[in-house]
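Okay, got some structures for you below.
There are two complexes below, and they share chain A, which is joined by chain B in the first and by chain C in the second.
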Partner chain A sequence: MKLKHLIAGMLGAAMLSTTAMAQEERGRDGNVNVIYWQAASILNPYLSGGTKDIDASSMVIEPLARYDENGNMVPVLAAEIPTAGNGGVSEDLTSITWKLKEGVTWSDGTAFTAADVVFTAEYCMNPDGGCQQLSKFGDVESVEAVDDLTVKITFSVPKPFPYGPFVGSTTPVIQAAQFAECTGEAAPTCTEQNFGPIGTGPFVVTEFRANDAISLEANSNFREAGKPAFATLTFKGGGDAASAARSVLETGEFDYAWNLQIAPEILADMEAKGIGTVVSGFGPLVERLMVNQTDPDPALGDGRSTVANPHPFLSDLNVRKALSLAIDRPLLVEIGYGKAGNVTCNVLPSPAIYNSPNNAGCEVQDIAGANALLDEAGWVRGADGVREKDGVRLSILYQTSTNAVRQDFQALIKQWWAEIGVETELKNIDAAVFFGGDQSSPDTFQKFFADIEMYANTFDGTDPEAYMGNWACSEIPSPDNAWLGGNMPRFCDPAYDALLAEMAGTADINERARLAIAMNDMLMQNYIMIPLVHRGNVSARANTLEGVKLNVWDSQLWNVADWSRAN
Partner chain B sequence: MLNYTLRRLMFTIPTLLLISFIIFLILDLAPNDPTGNLPLTIPPEVREKIRQSLGLDAPMYIRYLLWSQQFFINEPLNLLNQWFGWCIGDCEGRLRVSSWATRSPVVDLIAERMPQTLWVVGMSYVVGILIAVPIGVISAYKQYSWFDQIGTFIAMIGFSVPTFFTGVLLIVIFSVWVPNDSFFWLPSIYDTTLEVVDWDSFMLQVRQMIMPVMVLGLFNAAQISRFMRASMLDNLSQDYVRTARAKGLKEKTVLLVHVLRNSMIPVVTVIALGIPQIFGGAIITEQIFKVNGLGQLLIIGIQGADIPLVQTLTFLFAVLIVLFNLIADVLYGLLDPRIRYE
Partner chain C sequence: MSNAEIADDRKFRSLWGDVWVQFRSHKGAMLGMIVFGLILFGVTLGPYIWTTDPQYLDIRAKNTSTILNCFLTGEQIFQCFSDPTSIKYYDPNAEELVRVKLSWAYPLGTDQLGRDQLAQLLQGGRVSMAVGMAAMLLSLVLGTVAGVIAGYFRRLDGPLMRLTDLFLALPLLPLLLVIIMLFRDTLRGMFGPETGIFLLIVFVIGITSWMQTARIVRGDVLALKEREFILAAHSIGTPAKRVISRHILPNILSPIMVSATLGIAAAIITESALSFLGLGFPSDFPTWGRLLFDGTTYISQSPSRVIWPGLAISLTVLSVNFIGDGLRDALDPRIRGR
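Moving on, here comes the complex of A and B:
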C-alpha cells in the first residue's frame, strides 16, 4: 500500500514538473461525494422552494449573477453587474439592463442567448405554472431581449434594488429549447426536463433518482478551462443530520455534508477524529420570539388575534421589556447551537452594514431589573407568585414547532419567566402544520392563537427591504386576507410604514442601511420581537477536499467548479 | 378450492375500494400542508398559487374521483403501453398519479425503488428464515438445553432491541472503529447508483448489503424462530411421533420428515403474511443506511404532505396485505389436507 502511494506520488511529481498543463485538466480528480440529508426531489427551482433542490440544481443551471461567500454580487452568465454607475440601471430605477457573457454555451453545445433569459422569465411568470419563485419577479413588467447578448428588465415601480430576477441560485436561466413545451399548466408534467435540465453550469446530470441520489459528470462544454476538477459528482440524500456528519467526519465515505444541525458537543466529538472539518457561516437567520400585540382569547371567536382586540397585558411595553430582560441568551446559544450560534440583540444582524449598534446589552440577563420594572409598572405578585394587575394575570401561552432545541429553549425560558412572576404554558406543533397554511388548522404560525411564538426567519440574498416589509401594517394576517401576511406580532406603526416607503425610493446603499437600522431599532426597542440567537449554517468537509467556501447568501454548492482534491 | 379462491377474489374488490376511500379521507383530514416545509421566504400569496396548481382548491370528492380515475384506469393502461406497447386511448397526454414534491409519476418512483427494497428487505427476510428454522427446530428438540437458552436469549434481543439501535451500533463498529482500508470495514451508506457489472461491483454490493440485511435479518429471525419452536413443541408430543419411533424409524427421519413437515404448516402461514412487509420496506433501517427504498419514499411523502404519493403507496400496501392473506389461507388448505374450503 505504502509503496503504491510512493509510486503514485513520484509519478504525480514527475508529471507536475514536466507538464504543468496536465495538472489543470478538467475532471483530473475523479469522483466527489456530497451528502444532503434531505434528498433532492427535483432539479427545477421554479417548481420547488426547497433548499436541497435549489442547491442541487445550482451545479447544473446558473443565474446571471450570484452572491459570493461575503454577500457580494458576482457575475456568472452576465459580463458585469449592472449599476446606476455603469448605466445598467436606469436613472428612474425602473429598468435594469444585463449584458451577457460572450461565447457561453449550454451543455448540449448550443449557444446561450438573451432569448433563454426572456423565456425563463415568461416560464416563471406564467400564472398557471405554480412557479415557486414568483416573488423574485415581483413588479416585473416586461423582460425583453434587446439583442442576443442584452436583456432589459422593466419594472412597474421604481426598484432601488433591482436584483431580484436572475440573481442567486433560486432563479437560474433554463434552456428555452428544452422547456418550450413545458410552460403554464404543462410545467409539472415535464418530468424528464425537471429531472435533467440542460444547463450552463459545471456539471451535467447523468442519472436522477428522485428523493434519493443524483449522478453528475463534468460538463465538457463548461466555459472555464480546466474546471471542474472532478470528473463525476454523486449527490446522495436521505437519513438524518447526525449520520451525514458521521459519513464525512468519522467514516470518510463522503466529502461534503450539508446543514448539520446537531448537538454541538456531538459534532465536536466527531471532528476530533481528524479526517474532516466543520465549517460555519452566518447569514441573517435569527431565532426570535414573536410577541402577540392582539388578544388570542378563544372567547373572542372570529375576533381572536386580530387588531380589533389589543392584548390584555402584552400591549404594555414594560411587560414585553421584562420578558426580554429575563432571558440568558449566551446560555441559550451554548445549549442549542454552540459554534453555530451567536447572541444577537437585533432581528437584522447581517449583512454587517445593516447590523444596528444601538441595542447592545441584551446579552446580560437581568432578573432583578425585570422584577423591578414589573413592580414599578404596578404588576403585583398574587398568592401563587404570578403577577397581576386589575384582574389580569401574566399568564402566557408560548408555542413553537416540534424540534428538540426549541423545546429546550421553551423549558429554560419558562423557568426564567417564572422567576419574574410570569406563568407560562408551553405548546409545540408539528412543523408541517405550524408553518403550513392550512386554513382549517388553528395551529398555524400565521393565526398565532397564542401569546408568544418562537421560530427563525431569514431572507434570500443580501437586501433586507422585503424582509423589513414583513412588519408593515398591511402585512397583518387576519380572517379578511385568509391569514396571509408576515406580520405575526400584528405590529402597526405609521412611522415604521413611512420608513419603509422611504426605503422603497432610496437607491444609495448607505442611506438604505440607515433606514433598515432605524426600522430594526423601532422593532427592538418596542420589544415587538425578542431576538434570541443569530443562527449560522454548519456543514462539514473532508480534509482532502479543497476550495470549499461556505456561502450563506446563495447555494452552498455555488463554487463547486472550484472544488478540488488535495494532493 | 377454485370456487373459494374466486369468491374471495371477488370480495377483495369492494374491500379495496373502501380501503382506498378511507385512506384518502384520513389523509385529507390530517392537518398538513404541502407548502408547509417550504422556506419562509416564499410569500403567502405564492403559496396559495402553489396550492391551487396542485388542485387543492377542488372539493374532496372530486379529488378522490380524480385519483381513482388516474390510479385504476390510467395507470394500468399506461403499464400495458410500457410493457406490451399496446396503446389504448390517448397514450401521450394521459394524466397519471403524480407526486407533488417531484412532479413525476408515482408509479415510476415506486418502480425505481423496488429493486433496492426487494434486495435488502427481501434478502433480510430470506436470511431471517434460514437462521430461524434450524434454531427453532433444535431449540424445540433439545428444550431447555444450553442451545435453547442461548437461542431464546438471542431471539429476545432481536425482538426487543430496536433496529435504530442495532443499526447505529453496527455502523459505529464496522464503519467508524474499523479502519477504512481494513477488509472488515463496511460502508455505512448504501449506494443506490451502484450497478453490478462485474465481480468487483458485485462484492461492493454484497458489502453494502451486509449491515442492513443483518440488522433486519436478526429481527425477522427472532420472530420466526419463536413460532417455529412453539410449533415443533406442539407436534413433538403428539401420538404420531411416538408411533413413528415405535415403528423403528431413525430419529432423523422422525424429526425432519414427520415433525418438521407438520410443524411448518402454521409457520408457512406466518411467513406468507409477513411478505407484504417486505414491500412496505423497513422505514427505520432504510433511513439509517440510506437504502432509500419504499419505506424511505413513504416517510418523505408523509413529511412533505405529498398526498398522491402517500395515498398510492399505502393503497398498494393494502392490496398486498389483502392478497397475501388470501394466499396464506389457500396455502393452509393446500398444506393441510384436513382443511378444505367449500
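Moving on, here comes the complex of A and C:
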C-alpha cells in the first residue's frame, strides 16, 4: 500500500515536472523581432545618452534595481531595496548600502561580485572617461565593497533620494574583468567591449552591426530558470516611426516597435488590421511651450537671449496668460495624440503624488477672456489686427523641431493667437540640429533665439528633484556657460531657488511632494511654461507577443525576459 | 517688272516666325503650352477667383474628402453632387453606414487641420512656380556663361571646369544647411520671412544646379568651335563677343532649352526637400512640395492629398519638357521645314 502510494506519487511528481519543464524551457519560443526606428550605435550606456542605446543594452547588462511599469523600484541584482527603514540608508542620509543577490553569474560563467559594482562606479567617475551618466553619480564620494555581496555608496552631502547610481537602465553594472583595460581615455576605443558587453541579463550579443541590427541569443547562465522564452532576439534599427508601426501592425514582420509618434488616426487605421496592438503608458513627458523671458532680437548680438535684456512683451504676465488662455488643449490632444495624450495644466503631471490640483481650468479655451485681459493691460489692436503698446507689436517667432504633429500644433496655435491679436511666425528646425546642442549653431533649443519654443521634456526615474532643478537661476543658458543648462525660459526667482534648496534637504516623501507642487505652481501661475499635452509613450506589439508591459520609467525592454509567444 | 514688285509677292519671313510655324506643328509642344498656360493662369489668377484663405483652419471640416468621391457613390451620384453633406455609404470595415465628409465649400477636400486643399494648391503653385522659374533662370545663366567661356577660351577652360568639378563634388545638403544657417536671419530681417527665404532658396538652388548645364554647353561649344562657319567668321575678323552671340549661342540653344526644362523640375523638387527639412518656408506656408510631403503620411486615408500636388508638379514638368522639345525642334534649322 505504502509502496503503491509512493510509486504513484513519484510518477505524478515526474509527470508534473516534465510538463513544467516543457512549459518553462529556456528558448522554447524561437525568435522575436524588435524594431527601434532609431538604430543602436553602441551597447554601453555610459558612453551614450541615447534612449535606443540604453534600451538595447538593458537586455544584456543590468543595474542593481530598476523601476517597474508603475514606477516602483524593484531589485534586480540587489537582494532588496535599501531604505532608511531596513537600515540600508544611513540616518544622516549620506550613505546607502546595497546587498547583492547570491549566486548571480555573468554570461561567461564567472561570479558577479561587489567588485564589479565598485569598478563600474570608478569607470564612470573617471574624469577622462567622458561618462554620459555622470550626473547619476553626482555627489558620490566613494563606492566601496564591504564584502563580496555588499556595496556601500557614500555621498558628500545628505541625499534624501540616494537612488541615483545603479538604479535604472542608464547605470547598469559592467564586468570588471572585461572592461579593466577600458577606463579613462581608453573607454571609447574598446570597440569589442562596447559593442558586446558581457552581462548578467537575459540575452547575450552574438553579432553587433552599429547603426543597423543586433543579434542576440538567450543567456544560458541567466539566473532565472526557464527565462527568457525566446532563444534569439533580433534588434533592428532604422527607418521612421510610420514604417516601424506598419511593420508590426500591418505586415507583421516585427513583434515590437518602439516610440510611434505619428498621427493618431493613422495609427488607429493600422491597428484595425488586427495583427498588432498599440500600447501606451504615461510618464512625466509633457509637451510644452517655453516662453522666453529674454529678448532674442538679432540686433543685440552677443546679448541676444541673455538675462541682460528682458523680453519686450513676454515679460508682461498678462500677455503670457492670454497666450495660454487662447489654447484649446483638448483639441490639440485629439489632433496630435488621441489615446496617447491627456490634457495637462502642469509640467509635472506624474507620478500622481506630484501632480498639482491647483491649476485646473486650463482645459477650457477662453478667447474672449484672453482678449479682455489684453485690452485691460493696454495692448491695443492696430490697423492690421495685431495688438501693440508703446510701439511694441505682439509679434512672435515660434520655433520647434521638424515633426508632423508639432507642425500641426504650430498651425493651430498660430490661428488661435491671431484671434487674440498676436502675430506669429512659424519656424521648424531639424531635430538633430534643434536638440543637437552644437555650440556653433544658432538654432539650438538652448540658445532659444525665438520668442516661444515648443518641445517635450521628461526625467528619468520617479524623483522630480533634478527635473525641477532645471528652472533654478543657475541653470540659465548663456554664452558664459557655453549655453548649457536646462532653464530655457531664463526664469529666475529667489523664492523658487529657496524651495529647491529646501527639497534637497527633505527626505519625507509627502513633504517633497508638497515642495514639488509648490514649484510647479509657481512656474504655471507665472506662465513661464505653458503646458499643452501630457504625452504617453506609444509602442506597438504583435498580438502573438505576450508579457509586454510598457514601462515609461525605465527601458521599454526592461522585462524582455518575461516575454513569450502566445500559442 | 521692278524688283520691288517681285518682293511684294513673297511673304516676309523672320527667324522667329519660322520657329513659330515649326513649333505649331509639334502637337506635343502645343499641348504642353496650353497645359502650362492653364497652370500659370490658375496659380496667378486662381487665388483671386477662389478666395478661401489657404492658411485658415476650419477644424470642424478636417479630413473632408474631395467632391470627386461622389463618382464612387453609385446610385446616389446626383444627390451627392447636389447635396454632398447628406451622403452616407456602407463601410465594409466598420460594418455600418458612415457619413462621408463632402462639401462644395472644399471641392478638393481639406487636410488634417481643415485647411482647404484647393486654395493651398493654388497658393502653393505660385510659390513653387516662382521658385522653379527663378532658380532655373539663375542656374541657366550661370551654367551657360561658364560653359561658353570654358568652351570658347582655351585658357579659361581648365580653371572653370575644375570649378565646376568642385561644385559637383560639394555635398549639396550640408552646403545648403550652412548657407541657410548663415544668411537666414539677415535676410529675414531685411525682407521679412517669406521674401527673404524666397530669395535665399532661389539663390541656393541656382548656384548649386548650374554645373550640368555648364558641362553640356561646353561640350557643344567645343564641337562648334571647329566648324567651318566659325572659322569663316574668325577669318573675316569677327570679335569673340560677336562670334559667341551671333553663331555659337543660337546653335547651342537646344541643349540649353532642354536643361532649362529639366531645371524647373529639379528646382521645384529641391525646394520641397528643403521645406521638408525645415530649412525652407515656414511650415504653414504652402508649396506643392510641402503639400506632397505632408500628404504622404495620409496616403492610405486620403490619396487625393498626394494626387493633386503630385499631378500639378508632374503636369508642370511634363508640359515644360514638351515645350522644350518643341522649341528644340523648331530652333534646329536641319529639322525645321520637314
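The rule is simple: the second predicted complex is superposed on the first by the 549 of 567 C-alpha atoms of A that agree within 3 Å, B and C clash if a C-alpha of one lies under 4 Å from a C-alpha of the other, contacts with A are read in each partner's own complex, and residues count from 1 in each chain.
Here is the rule we use: a residue touches a chain if its C-beta (ideal position, glycine included) is under 8 Å from a C-beta of that chain, and two chains touch if they have at least 3 such contacts.
Quantities reported herein were computed from a predicted structural model and do not represent experimental measurements.
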For this session: Have a look at where A:Phe195 lands relative to chain B and chain C in the superposition and call it first, second, both or neither.
Result: first
For this session: Would you sort A:Asp443 into first (chain B), second (chain C), both or neither based on which partner it touches?
Result: both
For this session: Give one of first, second, both or neither to describe whether A:Thr251 is in contact with chain B, with chain C, with both, or with none.
Result: first
Exercise. Between chain B (first) and chain C (second), which does A:Gln407 come into contact with in this model arrangement: first, second, both, or neither?
Worked result: second
Exercise. After lining up the shared chain so the two structures overlap, which partner does A:Glu425 touch, if you call chain B first and chain C second: first, second, both or neither?
Worked result: second
Exercise. Which partner, chain B or chain C, touches the larger number of chain A residues?
Worked result: B
For this session: Tell me which partner A:Asn567 touches in the superposition: chain B (first), chain C (second), both or neither.
Result: neither
Exercise. So which bits of chain A does chain B touch that chain C touches too?
Worked result: 433, 441, 443
Exercise. Which chain B residues qualify as touching chain A in the complex?
Worked result: 31-33, 35-54, 98-99, 101-105, 108-109, 112-113, 171, 175-176, 180-181, 187-189, 191-193, 287-288, 290, 292, 296-297, 300, 303-305
For this session: Using the touch rule from the top, collect the residues of chain A that touch chain B in their complex.
Result: 1, 35, 39, 41-42, 44, 47-51, 127-132, 134-135, 187-189, 191, 194-195, 207, 209-213, 215, 234, 236-240, 243, 246-247, 250-254, 273, 431-438, 440-441, 443, 446, 455, 457-460, 477, 482, 484-486
For this session: Would you mind writing out the residues of chain C in touch with chain A in their complex?
Result: 55-57, 59, 62-63, 93, 112-113, 115, 177, 181, 185-186, 189, 193, 276-279, 282-284, 294, 297-298, 300-301
Problem set entry | List of chain A residues in touch with chain C within their complex | 242, 262-263, 265-266, 269, 272, 298, 331, 335, 401-402, 404, 407-408, 410-412, 414-415, 425-430, 433, 441-443, 449
